[in-house]
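Taking it in order: structure first as structure tokens, then the write-up.
Chain IDs A, B and C follow the sequence of writing; residue 1 opens each chain.
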Amino acid sequence: MAETEGIQKKTLSDRKNVCAIIFSGCNHPQNSSLDIVLKLCKFSRVQEILHISMGTIFSQAIQLIITADAALLEIVALSLRVTLTAVGLSCVIGLPIGAVLGAVSFPGRGLVNVTLNALMGLPPVVVGLVVYLTLSNSGPLGVLQLLYTPTAMIIAQTILVLPIVTALTRQMVEDLNAEYADHFSSLGVRLHQRVAALIWDGRHRLMTTVLAGFGRAIAEVGAVMIVGGNINHATRVMTTAIALESSKGNLELALALGVILLLVALIVNGLAMTIRGSTLRAAYA
Amino acid sequence: MPDSFPRKADDKVISGTFSAPLLEMRGVGLGSDGRRIIGGIDLKLAEGQRTVIMGANGSGKTMLLRLIHGLESPDEGNVLWRGQQLERFARDRQALVFQKPVMLRRTVIANIEFALSARGITGREKKRRALDALEMAHLSHLGLKPARLLSGGEQQRVAVARAIACAPEILLLDEPSASLDPASTALIEELIGQAHRRGVTIILVTHDIGQARRIADRVVFLHAGSVAEDGPASQVLEAPRSDAVKAWISGRLYFDPPQKNDT
Amino acid sequence: MMRILKALPFVALFVFGLTAHAMAQDKFIIVQSTTSTQNSGLFDYLLPIFKEETGIEVRVVAVGTGQAIRNARNGDGDVLLVHSKEDEEAFVAEGFGVERFDLMYNDFVIVGPAGDPAGIGQSDNVIDALARISAAGAPFLSRGDDSGTNKAELRLWDKAGLMPGASTGQWYRESGQGMGATLNMATQLGAYTLSDRATWVAFGNKGDFAIRVEGDPALFNQYGVTLVNPDRFANIKAELGQIFVNWLISSHGQELIGKFEVNGTALFFPNAHRD
């Protein structure tokens, strides 16, 4: 008993010194590789103190995947469904609008561009709140009864992804348009032909834009938490599940879910790249 | 679109008579940033002629071409198409080949088809003309290759063939073989010849005297933004009257005041 | 061709996502409740039983007490289940709720580090413990989020005649977050904190912390359940909601609540007074 108390006391004072341990090397004037190695050793010490084990995290992640844990599959499927639908909708709306904005000169263009770029930084939790207030039973669209459903989550994520797709498309089209402006002018290409040609011509770069939108959506938690409610078996996605486990103190499970989320993102990106085609074709970008 | 301008059949042969001017420029001038690039241009172009525009760098050759094509509007004077103000539709009757070939990020044949679609030609006619153009340029074997992966010479041949496939009344070329080797240059000139035989009016900007000798019926020499000399090729090139041309031919005119928009 | 095949799963999920909302919506109600109730595991235990017996799916939105009440005031829930009696009674008095019923109680505990800087030891006197913490200037972490737990904590300080808010940012700090997040922070900072027993027992990151104060009647934590008023809002599933409320306060529901245990400890004590 005394022994455990002794260990506990030691761990407690160690814990207080966590920050000191991590950052002790920072004021050193020299930054040799030895210092870096020492810092890494200290990191594993940090893990020990915080009672987190990298090993447990990865083994939990692997176990969840191998056993095809039903709850896990459910939240992964919902995450993908919500995010891919949101990204799809954003592309359908954002690609043409972005392309037209990039291809056409109009008064106030500069202001529109600045606004669009700024909207890329919309805070997810703010979007969530606004969508909640709109879809709430006391709100203007309460009659639709969409709150706490995946549809509300799709709406919120579409609002977040749309500026990204539109702004990046606009930039890409504007650059390409400068390249082709004389040629199009000479041929007498009409606006819709021009927009279609520019979108098709920039298709490789657009893939990256779409993936940027996907990354933003799959990783956000603020919006889907508020409009979805993190309801078990109904609106729980990966990010809200991580937040939940974290709030319960199950840090390792939360991190394991985080590892799985990263894996899902990797797989989606990998698939997208193979759709994009070989590097030879990408070379004529 | 006015019906009074019938499209030419591809294989109609025109004799080189000087009939009513296809294109006329009266007192045309254009400036930029307060500097005059081009001024006091009076020019008449007849159908079926091969006109070569020459001059040192900075003399305003490219700007003249862009004015003829309607890509720029003159600050002074008028550009007239068959006696009428040059409108947008007239640009459809012309085709311009840029100094550096502009290729979309798609296959060679798709590039040609795109230009044809833009001109309103679709379906089987579009396919036929595209294949025709490829054959004309001796590039049938490269039809499905990404256009940007072709060499400079090949791309330019595609650009010229693409322009010809649109069946223009005037073919404008801005130093098309400036950076090409003699073989590609010869092929380009052959294409221009084919176009001429189909009745297309040629306007070629070049600084290559040899090319001018091979192609030109008539030479317009620009110096410092105005026409220094304008006449039949044999006369301007072999027995020039103006000092500018004389100096240029002997290699002594190698400085023109730097102007914008002209390489 | 291969590229089309590879794109298919994405397209399928996209179309599926669009049409999903049109798919069958079974009988369900939405309950606005608190994170502490959710995290205790009570719902995971009770709701499947309820669904089996009645065919009604209960969807719980677990947020802070203040947010839960606010959501219910917007009509975004059919039933309100929180532990803040004053606020619940006001909710009914202002016409947002039909009637409030006592449901169950549990208690609060004060947890603290093994080192015990305030020298509390094991106590059943919360007022005395708070006085010691204040006197020693030992670190204390408050929820600071207007939740039921937070309000209970502030009432206790008040009863002890202390005003720790004056020292906010020093030994007294406010996390502004839910119970779980606050416990995470408290164990890291080595700070005392007030928690409901249920969350503490289920908490997975205790470190060297243990319960320091328990059993004081002042730490009693009453839960209540209220049906949201259908006359106030359109689209309230009053019938289904009433079935749920009745089930909870019925002897059957109460028995189940009493049976719910974590690590061999009963977390909630049913006390609905069925008249």
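Here is the rule we go by: a contact is a pair of C-beta atoms (placed from the backbone, for glycine too) under 8 Å apart; a residue touches a chain by one contact, two chains touch by 3 or more.
Source: prediction; values computed, not measured.
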If you average the Cα atoms of each chain, whose average lands nearest the overall Cα average?
A
For which pair of chains is the number of C-beta contacts greatest?
A-C
At what distance in angstrom does the C-alpha mean of chain C lie from that of chain A?
30
Measure off the straight-line distance from the CA centroid of chain A to the CA centroid of chain B, and report it in whole Å.
52
Geometric centre distance via CA averages, chain C-chain B, whole Å
79
So which stretches of chain A touch two or more other chains?
none
Tell me, which parts of chain A touch chain B in their complex?
179-180, 182-190, 193, 197, 200-202, 281, 283-285
Contact set on chain A toward chain C in their complex
5, 8-9, 11-12, 15-16, 51, 80-82, 84-85, 88, 136-139, 142-143, 145-151, 154, 229-232, 234, 246-251, 271, 274-275, 277
Residue numbers on chain B that touch chain A, as the complex places them
69, 71, 88, 91-92, 94-96, 98, 102, 104-106, 114-115, 117-119, 146-149, 166
Interfacial residue positions of chain C with respect to chain A in the complex
3, 6-7, 9-10, 13-14, 16-18, 20-21, 30, 35, 39, 43-44, 59-63, 71, 73-76, 113-115, 178-181, 183-184, 188, 190, 202-208, 233-236
